[in-house]
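For clarity, chains are labelled A, B, C, D, E and F in written order, and residue numbers in each chain start from 1.
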Amino acid sequence: MKLLVINPNISDDVTALIEAEALRSASPGTELVVRTAGYGVEYIETRFESLVAAGAVAEIVAEYTRDGASIDGVVVAAFGDPGMPALKELTDIPVIGITEAALCAAALQGHRFSIIAISDRIRPWYRDCVERFGLGGRLASIRSINEALHGIASVQQDFKATLLALSRQAVTEDGADVVILAGAPLAGLARELRGQIGVPVVDGISAGIRMAEAVVGLDSGPHRAGAFAPPPAKSRRGLSENLDAALTTAQNAAAHDPARVTQPAAPAPAN
Amino acid sequence: MKLLVINPNISDDVTALIEAEALRSASPGTELVVRTAGYGVEYIETRFESLVAAGAVAEIVAEYTRDGASIDGVVVAAFGDPGMPALKELTDIPVIGITEAALCAAALQGHRFSIIAISDRIRPWYRDCVERFGLGGRLASIRSINEALHGIASVQQDFKATLLALSRQAVTEDGADVVILAGAPLAGLARELRGQIGVPVVDGISAGIRMAEAVVGLDSGPHRAGAFAPPPAKSRRGLSENLDAALTTAQNAAAHDPARVTQPAAPAPAN
Amino acid sequence: MKLLVINPNISDDVTALIEAEALRSASPGTELVVRTAGYGVEYIETRFESLVAAGAVAEIVAEYTRDGASIDGVVVAAFGDPGMPALKELTDIPVIGITEAALCAAALQGHRFSIIAISDRIRPWYRDCVERFGLGGRLASIRSINEALHGIASVQQDFKATLLALSRQAVTEDGADVVILAGAPLAGLARELRGQIGVPVVDGISAGIRMAEAVVGLDSGPHRAGAFAPPPAKSRRGLSENLDAALTTAQNAAAHDPARVTQPAAPAPAN
Amino acid sequence: MKLLVINPNISDDVTALIEAEALRSASPGTELVVRTAGYGVEYIETRFESLVAAGAVAEIVAEYTRDGASIDGVVVAAFGDPGMPALKELTDIPVIGITEAALCAAALQGHRFSIIAISDRIRPWYRDCVERFGLGGRLASIRSINEALHGIASVQQDFKATLLALSRQAVTEDGADVVILAGAPLAGLARELRGQIGVPVVDGISAGIRMAEAVVGLDSGPHRAGAFAPPPAKSRRGLSENLDAALTTAQNAAAHDPARVTQPAAPAPAN
Amino acid sequence: MKLLVINPNISDDVTALIEAEALRSASPGTELVVRTAGYGVEYIETRFESLVAAGAVAEIVAEYTRDGASIDGVVVAAFGDPGMPALKELTDIPVIGITEAALCAAALQGHRFSIIAISDRIRPWYRDCVERFGLGGRLASIRSINEALHGIASVQQDFKATLLALSRQAVTEDGADVVILAGAPLAGLARELRGQIGVPVVDGISAGIRMAEAVVGLDSGPHRAGAFAPPPAKSRRGLSENLDAALTTAQNAAAHDPARVTQPAAPAPAN
Amino acid sequence: MKLLVINPNISDDVTALIEAEALRSASPGTELVVRTAGYGVEYIETRFESLVAAGAVAEIVAEYTRDGASIDGVVVAAFGDPGMPALKELTDIPVIGITEAALCAAALQGHRFSIIAISDRIRPWYRDCVERFGLGGRLASIRSINEALHGIASVQQDFKATLLALSRQAVTEDGADVVILAGAPLAGLARELRGQIGVPVVDGISAGIRMAEAVVGLDSGPHRAGAFAPPPAKSRRGLSENLDAALTTAQNAAAHDPARVTQPAAPAPAN
């Protein structure tokens, strides 16, 4: 199995952290291709930065799927899942965000979970992500480092004691059954903290790799109907060559699939 | 008051429909600047198409705010509100989507509302929008045209009887107190249907203009703290010149605001 | 456009505050008629006081609509919206509460909002209002003055520092993106606080005026079907002359409307 | 135990139905005082009619509690619970609506329940009531007679077959575990239908009497703090003599209660 | 009326507390049979302990219903309602848990309620119970004793001051309108605390007895269709003799009921 | 990695179906131990049958963990997840139900999902499971075979056309982005249907195996605090020898863990 792992931030040193943890987490037989966003910001903390990153991630997904997928699955490796779930429309292979992966990994190990984040500003966006995934009712808290960072790649080293303390507070004060260490800059830290905070600790990158392996392994079949089928063919202009080619490929695959099913016809149930 | 109205689709004929209804709806003294997306698709039906459109809308917002806002407010004129609410971070002036505007206009006139859409595929994305805005509990139904369109600019002409029938079904079968005609291609149709379906009919474009006027008029002050303050200054690369300049402008405005308030320090409440 | 603005409290000095801010907020061309409740309490803090006020507000709405509406819209100018949304059934013109207006104004400017109130007792009722409007999921907090008031008309003067501090706590501790200053006794204070607390500040009275203008301007059409059509004609007794006449007028208007649509026939969807 | 049972409608023949079923349902030792609203409409179908009825119910509660409660509990005997929960503030004895009573009786006998109503128009208001009580997630459906009524007192006779069919549809099509026959005009019908529709059948009046007996029997103590304590003493004018006296009595009882507790001081949790 | 009251814990001294409060609470004419779980743990604090207790409670219910019910109703007398609502399938008589009974008693007396518990560990399970019953939106807080217990039967004596303080905090800090003293070990304490904390105080055991009396009195009819009808007859093995006989009895009663209604045929509504 | 797979039903032929699909799904290097419930019913359709099965599953988990875990993880292989999440308290290794696994697999591949079930009676219980897991907002529908089964092991053969039709209806009428084939008797059918219904198809057994592999692989650490730590040591009696030993083992492991963290001390947040 070959997974494309995309760092939606432009920071190469964070990509190195991601790659290291991804390699530690991958099952035997899983091959990894790790890429850094072609444009964007050093690390994503806001809804707008995520919007920008979404475009950059789409370009890389398109590059690897434009002539048919040369990979088996994609892991979007920034907490907050820039571009998700929209990116699932672009290709027939599974595209998994590390947030949704971590939420599933946490939800399978306890009932309520907390998220530990590297900046205060990042919290409302993370909360949005949990609510959009539908698990807002199981979120115990989001706690975050409340100090200026010295550098994005050294966060887990610089604030190890703080991160441990925040994790323990999530358990003892907020009622978390599981703690998620959020964000690629914390990749690998869970290995150090586990066993020290009283509950299972989930790393986004590991969860992303393991959950992508699981979903790719299930081989559930592509979207030919419904909201995640490729976008309908229509006039478009000004897209990058990769994006344009990837859309055409996806639309052709759907158009020529003998099992293609027509769209829902009944009124959408309101709730 | 000067409002920038952006068509996130690339279709100039839909821009013409938008402009016509916007002009009919605007209060005396409101000046309009109407722009079409520089790249993208003919009309947005899916989450991925919305993601692409979000980038195109951001470019236009940036162009008009990069050297300080030369306008008083922005209306994002595609149902589904591509790029929202992220775009609110990019500038100190109000940025309003026509979906959120229509939802407010409907919510102030009844309890439950339905949305009439031009394609089946579009419904899940619209439903997402209502749920993300927080009013999912008041959505009676989303009903849509279930036929191939002949052309995006003639939808309201080609399917007038269908759209009237769908609207009436929303009232008599789904319990809608208000009906929203969704999507820029239906701009202006509400003027024809009102009085024929038994409940108030809301047009997205009109609602966008009127609600933007109201919010601009309130002059509530800019975001200097919280989730909609400008993104923190940090390394970035590869953004368009407009976007880069607009971010710098926003960050400078925030940095030099004497009333700037520091970020929240307490753990985010879970729910 | 002519708006009827009703103070559901019996306090004339609060009516003066309302009128002053309403005049400052109204667009050119908007004419205001401001009235005080004919009976009730000095200021409404509880569900029961709101029930009493609802009756008093209904009388004034009836007075101005009993012979056909001599006005274009109504603003119910007490936070908590006494009598809403029931009062929307009584007349074909828009009837807007300042709470629902403020919630829309806040929701269009950020994601989560807090409400600043003048008394502890008032908070559960306010919370009910937010939840009934459907935006409970976006409420960051309700904070309130926790001291005895010296007089209802001087609250904003007497507690300015407290109100500023509560607003800032809502931002820094509760994660509010927007702050709503609730209650007619605080009318106008937002003009002083904006720019001082880091996020947009919404005044209920201004929001009520601006949102009423917007909705009246949309001219979406009357309710002839659904839950906000005039109550069905039937035996009644003991109502005030105004109320009786207003109901008859509304029922006649509906009965003679050629576009009258019959009621929903299908089972109500459960959720 | 002496219960005051109030018909919020002005129809004496419905009062007779209520009284008959209330007498059949009451435990030995329970004495009933049954009263009809002094003003209002023949039967309540809308939010506005409920608002009017709320005032009429308040007057009767006030009459029986103005000099100290001469009764042990109150049953508000119209589905939709006009004036509730506000009326709980007016007196130290339990005031129970038949809707909330029926919801509890249903919720204790199954998971999901349906409501059978006598008119289409009435459904949105009933649904509001279920949602406000907090059990909207357990509502399977609301089904209703879709024909003009011949007379409010003969509904259950005139439409017996329809009501049986609607009840069965609720079970077989909507998944109801329990069926509630809603509205005082259906009082007593549950006795005939039970055993015929496959699930427990709950009558609003019986449930109101039995639940009021249960709550009165619990003797849980009065509200001296929180949202249901008597409204704070303050200037008021224009209330009826009964209402004025009842408020004064309630306020005095609270003021002189040695166990009186001060109001909450902390910020209201947002959710 | 004869009620079977089951202590799902194995502690006989808690059974004595339960019996004493049940006798104080029962109406004249209500006869009680009180039983202790045949196996299990001293007191239930966790989901797993509740799972074990559910089996023990089922055995006792089966014993009393295996040859047709020799009783009129069952009260499951441990907070958290082990085995509920599943146990309602096992017999045609009402089976009521003290949690669901207390929630109804609280919900009929105020809007938001808090629960006071005897151990920290117990809180997540209690919270689950409230959410599963559907009233999570009305839960103000769960507060608990945060110290090791000296003995389960003396908790209310040993920690009276703590329990009073926790109850008052629920009112003044969490906004509770009603306080529920949770757990059989606190049976009877509400009689001492009422009048001291400012809001009504609900005892689980009293509520269980009173609500069971009310529901038994309503005589709403058995489940012959839907989710609470007896389980369909099918191969089974290894059940206890009592359970086997009780299932057979329930299945026979359903099979021979002339009013038996077939199962729902339509797709389950999603929400 | 060695996984214990438990069929909570007593039907050995369904165990064979489970084992076959589990073997097809397992990754290289995963060893399986498959066991059938020691007592219970042929197949679980109701809440009560699930309660009985929970006990039987607990016995098998206890048998394999009583002297320390001789396995790496457990898969509870009946849709509806009998005994979950309580069973997670009993051992330090992951215990995963096939429902929660399938929900995660579906949620990672689309937004809304439908469940196809083998009997009408089973639907309310399945719906409960989805709601308890927290993903009720993403459930499009539950559809089921509405005919008597000829035999539990031949369901997928006997009703293949029906199951295909139900799956397609879920997509075209209910808006499902993913379809889950629920229940061990359908094990393996997804392999035949995928590609025929337009959206990804998820098999509970495959999902259970793959998700268990992923979670075991993450090695997140045991519960020493919070709601899933082993139950506190206390008096107990009458448990089976296996269960008693397993509880003792779990409690000892927790007691001697140097990283053991004390329980939460703060009040549980209400929501």
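Of note:
Operating definition for what follows: contacts are C-beta pairs under 8 Å (C-beta built on N, C-alpha and C of every residue); 3 or more make two chains touch, one makes a residue touch a chain.
If you're wondering where the values come from, they're calculated on a predicted model, not measured in any experiment.
Number of steps on the shortest path from subunit B to subunit D, with steps defined by chain touch: 1. Farthest from subunit B in terms of Cα centroid separation is E. Averaging Cα atoms per chain gives one point for each, and the point farthest from that of subunit A is the centre of D. Averaging C-alpha coordinates per chain places the centre of subunit D 25 Å away from that of subunit E. We define each chain's centre as the mean of its Cα atoms; on that basis subunit D and subunit F are separated by 43 Å. Counting partner chains per residue, subunit E has residues 85, 111-112, 123-124, 128, 137, 140, 174-175, 177, 226-227, 229, 263-265, 268-271 touching two or more of them. The touch graph of the protein chains shown belongs to none of the named shapes. Applying the touch criterion to all chain pairs gives A-B, A-C, A-E, A-F, B-C, B-D, B-F, C-D, C-E, D-E, D-F, E-F. Touching subunit C in their complex are the following residues of subunit D: 10-11, 38-43, 45-52, 54-56, 58, 83, 85-87, 89-90, 112, 120-121, 123-125, 127-128, 132, 136-137, 139-144, 146, 169, 173-174, 226-227, 229, 231-232, 234-239, 243, 263-265, 267-271.
Subunit E meets subunit C in the complex at residues 111-112, 137, 175, 177, 269, 271. Contact residues of subunit E toward subunit D in the complex are 25, 27-29, 85, 88, 94, 96, 100-101, 104-105, 107-112, 133-135, 137-138, 140, 168, 171-178, 190, 194-203, 206-207, 210-211, 213-215, 217-229, 257, 259-266, 268-269. Residues of subunit F that touch subunit D in their complex: 123-124, 128, 131, 269-271.
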